[in-house]
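This structure is in structure tokens; I'll ask about it shortly.
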Amino acid sequence: MIQLEHIDYDYQEIPALRDITYSFEMGNCYCLEGPNGCGKSTLFRILNGLAFPTGGRYLLDGEAITEKRLRDDAFAKVFHAKIGYVFQNSEVQLFCKNVEDEIAFGLFQLGLPEDEIRERVEKYIRLLKLEPLRKRTPYNLSGGEKKRVALGAVLAMDPPILMLDEPLSGLDEDGQQWITDFIASLKSTGKLIIISTHNRELAERLADVHVRMDKDHRIICP
Amino acid sequence: MRLNLKVMELTGRLLKNDRENAGRKPSPVAPALRVGAAVLCILLCAISQNAVYVITVIAVELLRLALMPPERILRVLKALILPVIFTALIMLPAVFFGHPRTMLTVTMKVCESVLVLAVMNESLDWREVTEAFSVTKGMAVFVLILDMTMRFLMILGDYSDKLLEAVMLRSVGKTNWKNAKVDGILGTTFLKSRQMAEATSEAMACRCFDGQYRSYHRHRFTWQDVLFLGVYAAMIALFVMTK
Amino acid sequence: MHIPDNYLSPQTCGVMAAAMVPVWAVSINKIKKDMPKAKIPMMGVAAAFSFLAMMFNVPIPGGTTGHAVGGSLIAILLGPYAACLSVSVALLLQALIFGDGGILAFGANCFNMAFVLPFVGYAVYKLIAGGHQKDTREYVGAGIGSYLGINAAALCAAIEFGIQPMLFRDAAGNALYCPYGLNVSIPAMMIGHLTVFGLAEVVFTVAILAFVRKAAPELSVSTAESKSSNPLKVLLAVLIVATPVGLLAAGTAWGEWGADEIAATGVGYTPKGMVHGFDYSALLPDYSFSGLPEWFGYILSAVIGVALLIIIFRLIGYAAGGRSKTSHA
């Protein structure tokens, strides 16, 4: 589980987060809501270890996550394996030659045995309906297809924590419906899911807890 | 003629190529063997002092070319024209000095090298070619760089095309290379490429990247690979015979 | 039957070339209008067959050799206009790359083998076989048509040779170009073609025609397929590999001697037009290489010739707009 204690973050002397104190529990689905510029994306980056708070502490399963700790490669690997992050712009996180390689990428890094890798890749290709796109280059696909590939690549690593930054951005109506249903189906797996979104309906449908942030970069409603 | 037509053509061709090759069956022979054969062929031709070897290779490649669809034939020929003409012109003094055969031999060798590579390029997907390099351990980084380059070419090509389109839509009058603010477009694309590079490295870190870059589809050695080794043997044998 | 350079005077060459220009123009127009675009690559395959046929030299007693041409075959399968163009391109390749047939004499060679031969052959075929296909009447028509076609062509060549000494002499009375008059050239050329070479042409035409009708229907303009099938490719491969058989017939064909050979053939002197005539050194003269066994050079030449012909016609078909989605080998 995730604990944030008095997190501050300044980006070149401009405040981005102010005194964020919160706990995320396993098995729940949290929706991070708030106006543009309130700091949602920054919070995500901190949670993923891509940025480090200027004040306060970030604890994952009781361990403090700091820049120094993440310089240790072994620790960083374990850390990142726990959190699956689906970026807002899927293009950024798709970099392999074809969809199969993309999904298998993380699994190779984790050092899993070949049959396990094969099993998981096939499972998620089926689950996300990526069969006809197997040999296509991921960054050449349409928006919805890219999102599905990104999801597959992240989920295949079976992370206990899943974070999705604006999962519906860039999708058409059918795509949005499909993703919403899919995320709903993930709720029963006991994962900790954190979604950042503007979409009221998505939040209503999926959230166990609504976390609202305001223009002052604080959490106003737990 | 729209200014960004050329850029669109290129990105369009890469997309079409991607769609076509997705349905294509993977090469039955290991791509590494095929790339290796092409390299060996060019090497042997360069060393060969006998025009016969070169002409034999050209004959075989012409036959392979004849079996391809006409669009591919045209692309190969387009790739061939400039190098051959350039070489012929450069070697022209040899004719005046009384060594016409030299000019012919060198031109033929250039023709052969370009032909072999162009035909290989048309018969293999770029993904198979980069995969061929991953055969040797330690080349993973090299293949990663190659693939990333292709990816950035496609994504940034698309991006700069959209920028160019935006400029054209906002301009009054005809847009040509001078007033299309190409320097601005290039600069913006460069900045975007930096952003993308950072974001890509973050994404890779999030997926626990530790230096490994492997292909899911592993080529299994089959009888076709063994048969293909015969090609290597034939090339070397012919080379030795024609010394 | 390839006439080399310097056997015909430049005037004769010019006249024959001029005669061919309208023929080519009409043929190109007819192909543009009537030939389905997808069939144009088949013209390349047909040209390849003709090219290969011309590599199989057949000897006759007396020491000279000849060969089949296959022009009638192409006319039957793809039409006489297609045959004209296909054979012309094959002859062009032979003249430029292999030195078989002269450059200046190109017009005359085309007139004989790309115009007279296929059109006569086709006319006779149509007369006998009518609209029949795949039955004996067609094969009989093909056989007789091809026989008459090649002999008509040989006669034309003989006449072109034979009138040279009459029309072009130097001050001493020696012939400038071909030194043999009609009384020698006609019997010399016709004996071979009326017998062995004509037979070769008949056999080639009928055999390939039967093969195409049964196993490779895409080579005919009367069918819709346009992808070249495996039987066709296999046949081409077999013929290419078999070309060294054509080397077994030693000796030069009548009228195809080099400038150094002609004095020994009986005329006693080397005509001036040949000594100081047009000289062209082809890339692969006589389909051979120095330093390698002849059969290797022969097969290699066959490969190059066939490949180039197929490539040329594929590109022509593509340029003409035959962009089919399923264009495969």
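When the chains are written out, they are named A, B and C in that same order, and each has its own residue count from 1.
The rule is simple: a contact is a pair of C-beta atoms (placed from the backbone, for glycine too) under 8 Å apart; a residue touches a chain by one contact, two chains touch by 3 or more.
All of these numbers come straight from a predicted model, not from anything done at the bench.
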Of all chains, the one whose CA centroid lies most distant from that of subunit C is A
Reported most central chain by Cα centroids is B
Cα centroid separation, subunit A vs subunit B, in Å, comes to 37
When centres are defined as mean Cα positions, the distance from subunit A to subunit C in whole Å is 73
Here the gap between subunit B and subunit C, centre to centre from mean Cα coordinates and rounded to Å, is 39
Shared-interface residues of subunit A (touching two or more other chains) are none
Subunit B partner, complex, touching residues on subunit A are 48-50, 73, 76-77, 80-81, 83-85, 87, 89, 91-93, 95-98, 100-101, 103-106, 108-110, 117, 121, 133-137, 139-140, 153-154, 157
Subunit C partner, complex, touching residues on subunit B are 50-52, 55-56, 58-60, 62-63, 65-71, 73-74, 77, 104, 242
Within their complex, subunit B touches subunit A through residues 14-15, 18-19, 21-23, 127, 130-131, 147-148, 151, 154-155, 196, 199-200, 202-210, 212, 214-217
In the complex, subunit C touches subunit B at residues 41, 283-284, 289, 291-292, 300, 303-304, 306-308, 310-311, 314-315, 317-318, 323, 327-329
